[in-house]
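The two complexes that follow have chain A in common; it is paired with chain B in the first and with chain C in the second.
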Partner chain A sequence: MSEKRAILSPLPGVFYRKPSPDKPDYVQEGDSVKAGDIVGLIEVMKNFYEVKVEVDGVIDCFAVENESIVDVDQELVTLK
Partner chain B sequence: MSYFKKVLIANRGEIARRIIRTCKRLSIQTVAVYSEADKDALFVREADEAVCIGPAPVKKSYLDMDNIIRAAKETGACAIHPGYGFLAENGAFAERCTEEGFTFIGPSASVIRLMGDKIAARNQMQAAGIPIVPGVDHGLSSVEEAKRAANEIGYPIMLKASAGGGGIGMQIVHSDQELEKAFESTAQRAGSYFGDDTLFLEKYITSPRHIEVQIVGDSLGNLVHLWERECSIQRRNQKIVEEAPSPFLDPQAREALCAAAVRGAASIGYTNVGTMEFIVDGQGEYYFLEMNTRIQVEHPVTEEITGVDLVEWQLKIAAGLPLDLDEIPLSPQGHSIECRLYAEDARTFMPSPGKIETLRLPDWARLEFAVTEGNQVTPFYDPMIGKIITHGASRQEAIRKMKDALEQCVISGIKNNLPLLASIMDDPAFQAGTYDTKFVESALIK
Partner chain C sequence: MIKVSKPGLQTTVQDKGRIGFYEIGMPPSGAMDQYSYTVANLLVGNQPNAAALEITYLGPELLFEKDMRISLTGGSMPPKINGESVPMWETLAVREGDVLSFDFVKSGARVYLAVEGGIDVPVIMNSRSTYTLIGIGGFQGRPLAAGDVLQTGHMKEKDVPVGSKISDADIPAFGKAHEIRVVVGLCSYRLTEESKQSFLQTEWTVTPEANRIGYRHRGERLQFVERKQPFGAGSNPSNVTDLGYPIGSIQVPDGVEPIVLLHDAVTGGGYATIATVISSDLNRMGQIKTNEKVRFVSVSMIEALQARRETQEKLRRIAASL
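Coming up: the complex of A and B.
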């Protein structure tokens, strides 16, 4: 299956790849993920929202770096 | 007279504007510091000078002490006002300001540190003879110790992170079994949020009200209270509506609570404006919660019932001058209510950043707003866009004015909590003054 799927940011804010600064990343490129798995957080107005995978797949690549400022509907991660 | 020649404001939004306003009246020059995201904000335009201190994320701007100190040096400011939030209760920042030769407009670094440590603060106040919620007064070393303490006090209990705040790191526990699970998860969460997994526990209060007392102390030893604020209208420990005086306290209870607040603040030699927060149960018993060593978001309701300018008093105290105690009325003057406007959905509470297309506000009410029509509400900071404050001879009059004020607000472009505020004003329990801190979540959100 070579079709790629993008995960878009549900909100504008700051994107984090890890649950807290001293913790490892949620997922790495190449990891297999299941629907419902968390791949990052969006911080918006002092609140954190989990970004979850909607379908099973493999993390292809991150379109943005940790702590990047992102806009709503901006591509965060692609799955393959 | 002017207390300082030039003051740098290490904050943003409505509180930066509020501080600038008093400084202007007193002919004090102001320096705003701002992040790249705030370059078009009102407070940046209104200050005499403005210095960009970094990109949008707070760590790289509003929490960056080096950049703030550099801005103060470059502009020749002589004092630094921290506002609320950000570095306002950071002992290291207060110390740094002093070391670098600036007057920090707040209490000493040691007092900030003492009150910032929740366990130390409780011990201090208990020693001063102020009731604290029954609980253990030291960090819990094991789940067995927690269970022993919980059984002594009696369930339900509240498990809390020592370094916690804003509702994060708290858990209500009803039994030994629940405690076993909660102990580990709360410690884990506290460790990752605050870098400190120390826990303590205390009795869980039923029908709690959050009532706080405004106190003011100068460096000459004058220490007074300016009565209380009722802050029980909140959701997830975020306040939504505040009023002064509290509809729950009778004159005797008010006097006792305010006297306790003064006694507690005096025990640490407090200088600056500060807030002693109490939890008051259904029977009217009060317990010390924590002290905020800074100006409070809801300070305007106190100003409305006393006629005092609390920002001016902060400047005066920091300049080493005595308080003018004659300015304080003999009793609270009328009643005041504050509503906080948040850029969030009134039902789902999802934040709603964006461009404010329309913002029409009732100009006869007191307005403390961060933004104006055409401004962007960015996703980087607090969702509060402003506050509306009314004052009346009676509580009924203050409520009626607030209802009128909310009806006259027109906001478009961003979602906001106007409908929630209006439904609070219309609620019979609110109007009767019989609500507690669970009111919003239990009565209004269905």
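Coming up: the complex of A and C.
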């Protein structure tokens, strides 16, 4: 079993799993992702920051739900 | 020249602000944490109004295309030059080709980058500050974007040696819960006594909308004294006939979510303003992040003026030591 790698939030704000309310989630648990893929957005001050994976992997689980308030350094999603 | 490789979340050119035009509806803009901005300029030997970069939450990545001295002050957002950690609140040297970047913000919200000579952008109505709401001033009226190239100016007035630093006691610390001093007044008579107490006792939470225009706070609903609304005021009890808004004044539209009006806010309007953040705590207001807690503490005008004098005296002492 490979170790899990966590993606942490660089910003306080609201976490979104999809680009807009009428679009599907960027990724689902179990999906394969490549470095640079977007897994969510964080909105603060009406700016949207794209949360990207830095390495190839498989999405293990999301630690926060869509539209959750998140803080700096909070775990957002883990890869396996 | 400084090339912007990555702009950060909201990096703007700011200085002391656009002073003297408030009565025509032009807010000051300017650095939200004037103390940190002022010290940043002192550390590179600049004139006090030289323009600096105000970096918010997520730092930029900047490529320096000539040798210069820089300094970084404000909230804690660990800086690196070419991947090596460097200190804040100290005079640093960068050489042509060096890259400045930042780790995640650790405390506070905004960092000030001062460069020798200041950032050179057009002066508009006495200031180089970016007025974010309207899109004037600073660099093309907007936050920096990848690919922008900044010129440095000629506002250096003395040589400050690399490695100069200020006393640890003069470096502000920012936690996650903040006590912000306010003078209760102006339209506070519109609140019920119970709501005045609630305003001062509630631990408010800063919402994601917090920005240079204002900080909105989530917590209790506040109630207004019943009255027949006067001519010119809107129908909601939180409305009054229009008045000028002090910088740092707090309005509570419909009694929901107090909003502290800040440096890019409108200068007047029709909401009851119930208290005003004292000038020296505006610096700390600018270092509060979304989700952090705020408690408003009532002080007198005498105490507010004394706090301002203390801040000014501290800055004079720092200036004399460099």
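Definition applied: the second predicted complex is superposed on the first by the 79 of 80 C-alpha atoms of A that agree within 3 Å, B and C clash if a C-alpha of one lies under 4 Å from a C-alpha of the other, contacts with A are read in each partner's own complex, and residues count from 1 in each chain.
The working rule: a residue touches a chain if its C-beta (ideal position, glycine included) is under 8 Å from a C-beta of that chain, and two chains touch if they have at least 3 such contacts.
All values derive from a computational prediction rather than experimental measurement.
*Asks:* Both complexes share chain A, so when I overlay them there, do chain B and chain C fit or clash?
*Replies:* clash
*Asks:* Where does A:P19 make contact in the superposed view: on chain B (first), on chain C (second), on both, or on neither?
*Replies:* first
*Asks:* Is A:K46 touching the first partner chain B, the second partner chain C, both, or neither of them?
*Replies:* Touch partners of A:K46: chain B and chain C.
*Asks:* Go through the superposed model and pick first if A:L11 touches only chain B, second if only chain C, both, or neither.
*Replies:* A:L11: touches chain B and chain C.
*Asks:* Where does A:E29 make contact in the superposed view: on chain B (first), on chain C (second), on both, or on neither?
*Replies:* Touch partners of A:E29: none, neither chain B nor chain C.
*Asks:* In the superposed arrangement, which partner chain does A:D56 touch: chain B (first), chain C (second), both, or neither?
*Replies:* So A:D56 meets neither chain B nor chain C here.
*Asks:* Mind working out whether A:E67 is in touch with chain B, chain C, both or neither, as first, second, both or neither?
*Replies:* In the superposition, A:E67 contacts chain B only.
*Asks:* Run through 164-172, 308-316 or 326-334 for chain B and report the one that clashes with chain C in the overlay.
*Replies:* After superposing on chain A, the stretch of chain B hitting chain C is 308-316.
*Asks:* For chain A, which residues lie in the overlap of the chain B contacts and the chain C contacts?
*Replies:* Chain A residues touching both partners: 11-14, 43-47, 69.
*Asks:* Spell out the part of chain C that touches chain A in their complex, as residue ranges.
*Replies:* My answer: residues 9-10, 56-58, 104-106, 208-211, 289-292.
*Asks:* List the residues on chain B that touch chain A in their complex, please.
*Replies:* Within the complex, chain B contacts chain A at residues 56-57, 192-193, 195, 343-344, 350-351, 353, 379-383.
*Asks:* Can you list the chain A residues touching chain C in their complex?
*Replies:* It comes out as residues 8, 10-14, 43-47, 49, 69, 71-73.
*Asks:* Tell me, which parts of chain A touch chain B in their complex?
*Replies:* Touching chain B from chain A are residues 11-14, 19-20, 22-23, 43-47, 67, 69.
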